[in-house]
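Shared between the two complexes below is subunit A, which has subunit B as its partner in the first and subunit C in the second.
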Partner chain A sequence: MMAPRKRSLVQEGVLGILLIATLAIAAWLDGPDGAFISPATQLELSTHIFDLAILALPMTLIIITGGIDLSVGSTMALSAVTLGMLYEAGTPIWIAGFVAIIVGTLAGAINGIFVARVGVHPLIVTLASMALYRGLAEGISLARPISGFPDGLQRLGGGTFAGVPISGMIFAAAAIGCMLLTARTVAGRWIYGIGDNERAASYAGIPIARTKLWLYSLSGTAAGVAALIAVGRRNTAKADIGSGIELEVITAVVLGGTSIFGGRGGILGTILGVALIHEVREFVSWHWQDDKLILIVIGVILIGSVLLNNLASRSRV
Partner chain B sequence: MTRFARTFAAVLGIGTLLVAGASMGGLAAAPDQPKKTTICLLPKKKGLPYFTTCAKGAQEAAKELGVELIYDGPTDGSPEKAASMVDRWALQKVDVIAVSPNDPQVLGTAMKKARDKGIKVITWDADAAADSRLFLVNQATAKDIGYALIDAMAKDIGGGGGEEPAGEVAIITATLTAANQNEWIKHMKERLEKYPKLKLVATKPSNEDQRLAFQVAQDLMKAHPDLKGIFGISSVAFPGAAEAVKQAGKTGKVLVTGLATPNDMKAYVHEGTVKSVVLWNTVDLGYLTVRAAHALANGTLKAGDTTLEAGRLGTKKIEGDQILLGQVLVFTKDNIDQFDF
Partner chain C sequence: MTRTIANRYPDAASGGDPAASITLTMPLQPANPGQPLHRRHWLLTALLCITVLGVSVVNPAFVTVQNFRDLLIQCAPIAIVACGMTFVIIVGEIDVSVGSLMGLLAALMGILASPAHLGLAVPWVVVITLAAGAGIGLLNGLLITIGRVPSIIATLGMLTILRGITEMLMGGEWITDLPAGLRTLGTGAIAGIPISILTAAVITAVCIACARRTHLGLSSYAVGDNATAASLARISTTRIKLTAFAILGLLTGIAALVSVPQQSVIESGIGVGFELIVITAVVVGGTSIRGGVGAITGTLLAALLLGGIRTALVFLKLGETATYWERAIQGAFILAAVLADHWTGVKAWLIGRRGRTGAVAP
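After this line comes the complex of A and B, so read on.
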């Protein structure tokens, strides 16, 4: 089994350089006042990304096992609608939030059962549940937006504590947890082992089904947490929340150097991938006010990084 | 060799980015120039002909007034992306942000945040909560629009003679939560009471997606074989529905009317699928919005005013906190070719 830590950090290095280059160009275009690059602006803009960033963590682990979870955005919607409807019905917000996370976890676990125990390909399972969960969310809420959440939840989405966005702290804790999981634990080795060669992993006695079930459930939990953040940020729970986010998450993970075929990749790359996409997106919108341009720039960066990754991996064989 | 290739690719990538950034630097310098009034105009969805024509009028006004106009919106219509844009503009300390909210709640929250930062915020084309903006630039009252739609359909179905219009009709709306459309539908239902033999059998969403509107119209015709008329009450739902009727070979049997720009509907009007198109002058709407935003920025427009001097549009009436463009236009075979937007 390939030890994850032996991996060269080519992709991470390239991303780091790109990130610094982006920020350098941004600083240069900013002029003397430094509005975009200023810490206050950066901190405030960062609240746009933490829901996506949290989803990207379990997604990385799932893609390392050779799987995929397309249902994260729909699971978010299901959790958001649960939160909204419970709160509207008079449930205290922290109970409603807790239940919303449980619902997300269960939605993830259902994916996990079909992937791990029934053995359906994760692309098919989560493609189906992507439609199913979104449909459920729209059906339950009748596509009606729910608003008027208490201050606490709004602060979770967009507020700060000691100057740092609260959603950012949640992400940081989750990211450290995932890094420790992949780098220091046996379960982390299992994840890479499954993605590297599932049959060999099975002969080696790795509990493949159990690991996958946990990972897909974890992805659901993350979707629940992301839903709380997204609802809080805009003070609105609606069934269209998180639509299309699954592709953005997968883009960030792949950009971060995690191989879509499994076995290779890591959390650090994902964090850099998310950061790069976020900075490029905010920076391009900040200076050129053009939604289309962002997609073009991110597309170019993605293709470039995949080419680089191919070159790098070819040299390793 | 491979190490060389790797390094080369990395240098190439970063180089490209730097050059791209540098060449665009000229463009970016604009917002940094000495204090020119900056007005941001946010459409529900960038790229729709309806909003593109609004932007045309907005640019015209911006040129007259010598203000910086930023016109941008999400190309996919995502409210979350639209709200992020409002966030950014607020951080950039622009003078006025004018929003056509695709989702009044999501945008309303971002608009309130912008107002807390001291930015002047107005809505145009569609409204959000009253405390999230100072004024709404309203194309026409919901009542005018709702009544005009029903009257147009009644006239088209009745054939213009003394005959009382009769039959089943259905509405294809934008989304079930779109504030504008829901207001219009309310007034449409009110007006329907005048025509007791017109029966509204369904109201379906099309989520601002023309293909979906096309499908919904097909389904409606299947589910209600006696359907006489379809209202497409968004600039996307209307052409979608008209195309479905045309392809089903029901031109003239199922009449379609609704709201869209004349250029989008000309072909359908000339071949008879559509007899009337209801809309306001969208170019003027964009023009008026920028005029209002400018007046707000330089202090000539304040809460409580009852009129606004709007350049080539003359004096416009303000009712409460709504600046009215006034006047709904009905385009038919006879006049549609006179309009180009």
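After this line comes the complex of A and C, so read on.
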């Protein structure tokens, strides 16, 4: 069908350089003892990011199709509350976790039905379901925290296996899966085709609705998994979990070079975008203990990267 | 309905002839015999009446002038900002940073006015707050037009930046010593009508007139409908978009001035999530997120309805737990409104579930 597009890795290259620069500045400010830059600290801190990173993978695919999913944080809360309520009621943690992921997937599928089958703009659908799912999570749990989860779940959130964080392994597996999907499968071509020109894709016989439905469901599944990780790390399930995370996820994806208009982008860029945001955030809070500065820095990086990209492309034309 | 308007943008396309005039056909829905937007207005009005009547029947204590006044006061800032947001969405852009801007302007207002900080006179506070609002709106517009950053990205970035600046300004402190003059803006009344309600009424009236009768309003529809066609018709899309964003910033400033001093405390969390309420009001009011279609009337009705539902939940006396369900009910309501809006799509899905390959491309 479509000729595979020659992808330039300019954005990925720029991000790689930025990432190295951030780490270099961090190492320099860190002083000779290198407490922040040491592998042990980095491994320890990395567990803070994997829930966000897992959400960023399906978000990349959705944005490549020209869509968006603002409800991931709320879906996370719904899954987390499901997990907490079921566990509290005496359900084994395995079953509770499984049901939580199913609930997340269903929540994503409902978004998908609205977007793909009914034909509502994804921004509107997920804006509404963002309020709905968060509200359901608050209503079901009456906004009270549930804690006291077993060791297994806590290890999923913060534990390591053979020195590698378990949540990191889940992310790596998911990332490799998504990379293979976009680079090596027909469905991956469909995703780019839909984002590039939906009408042309429809004339080419691409099952647009089915592809989108799967992607939004996948986003829900990822939110369920991210909920398990986040609950495990904090040992608390509460309805405010993941609030505002959708904006960070979208920031990471766009920073990674995926076009918000669809058709362009990739998983590698997203991974670098997530890593850059993570390193900047952890370093600023490590070095200056200042949360406000992080907000400003991330916002400036987001706007600045797109702005510089535009200026560069204008001078080239 | 057509209007002939003098060419205010004598640029290259018109050969620089300022005398040349252009004719704009009002692209508002009344030009369309189907009038789906008018139907939407009736639907919203009906829903509003049902909500108010329903609550009045269940709880007669609701029917007091004070309660209606409180309801309108709650809706006022939403309506004011939503008017500006309607223009921004009509020109085909979006601004998700208004909540953070509201927070920043609240902090700025507090620091300027509070005797413990700068202690400026109230007129100066008003002028600086409005200028800051319009200035930041203009900055958003510049990033989007000149910088060619997609509006969702630019304003998403501004959302976090402005919130960060707000928290730096406040430094975790609360400002509690607002001068009486400033408090009057929030709590005062002219001829028995609270200032915030009066302001909201005047602004919506001006915006309705502006959208239907002025070059700016008509051009906004043209730009949102088809930017290329609009620029061929000698409309400067850059100027229209810049103006829309600056107006939104200015209106956010006005909303901050009349709503923030209602409370005696200013803290850094003001305005969190406000952008979602505003965008919801605009979208439920029938403005298309793709641009080019919409009306201020619908936005105003939707803002009233959103406020009405929130008040209704309080007065229906559903018990202690009801407050936790508030957001779920709001979300379900928006989803229902969207479903009603896309009824043909819903029917197509329900009827033709089998054998379909995909939704029709937009």
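The working rule: the second predicted complex is superposed on the first by the 305 of 317 C-alpha atoms of A that agree within 3 Å, B and C clash if a C-alpha of one lies under 4 Å from a C-alpha of the other, contacts with A are read in each partner's own complex, and residues count from 1 in each chain.
Just so it is clear, a contact is a pair of C-beta atoms (placed from the backbone, for glycine too) under 8 Å apart; a residue touches a chain by one contact, two chains touch by 3 or more.
Being a predicted model, the structure only gives us computed values, none of them experimental.
Under the clash rule set out above, the superposition-derived model of subunit A with subunit B and subunit C contains a clash between the two partners.
In the superposed model, A:I95 lies in contact with neither subunit B nor subunit C. By the touch criterion defined above, A:A143 reaches both subunit B and subunit C.
When both complexes are overlaid on chain A, the residue A:I17 reaches subunit B alone and has no touch with subunit C. By the document's definition of touching, of the two partners only subunit B reaches A:E44; subunit C does not. With both structures placed on the common chain, the touch criterion links A:T236 to subunit B but leaves subunit C unconnected. In the superposed pair of complexes, A:L307 makes contact with subunit B and with subunit C alike. Once chain A of one complex is fitted onto chain A of the other, the partner contacts of A:R199 are limited to subunit C, with no touch recorded for subunit B.
In the superposed model, A:K292 lies in contact with both subunit B and subunit C. After overlaying the two complexes on the shared chain, residue contacts for A:A173 are found with neither subunit B nor subunit C. Clashing C-alpha atoms between subunit C and subunit B appear in just one of the listed stretches 167-175, 239-247, 275-283 or 293-301, and that stretch is 167-175. The residues of subunit A shared by its contacts with subunit B and with subunit C are 142-143, 291-292, 295, 300, 307. Residues 2-3, 5-6, 9-10, 13-14, 16-18, 20-22, 24-25, 27-29, 31-32, 40, 46, 70-76, 78-81, 83-85, 87-88, 91-92, 103, 105-106, 109-110, 113, 175-177, 205 of subunit B are the ones that touch subunit A when the two sit in their complex. Looking at the complex, you find that subunit C touches subunit A at residues 94, 143, 147-150, 152-154, 156-161, 163-165, 167-168, 276, 279-280, 283, 289-290, 321, 324-332, 334-335, 338-339, 341-342, 345-346, 349, 356-362. Contact residues of subunit A toward subunit B in the complex are 10, 14, 17-18, 21-22, 25, 28-29, 31, 35, 41, 44-45, 48, 142-145, 147, 158, 230, 233-236, 238, 240-241, 243-244, 282, 285-292, 295, 297, 300, 304-305, 307-308, 311-312, 314-315.
Listed in rising order, the residues of subunit A touching subunit C in the complex are 68, 113-114, 116-121, 123-125, 127-136, 138-139, 142-143, 198-199, 201-202, 205-210, 247, 250-251, 254, 260-261, 291-296, 298-300, 302-303, 306-307, 310.
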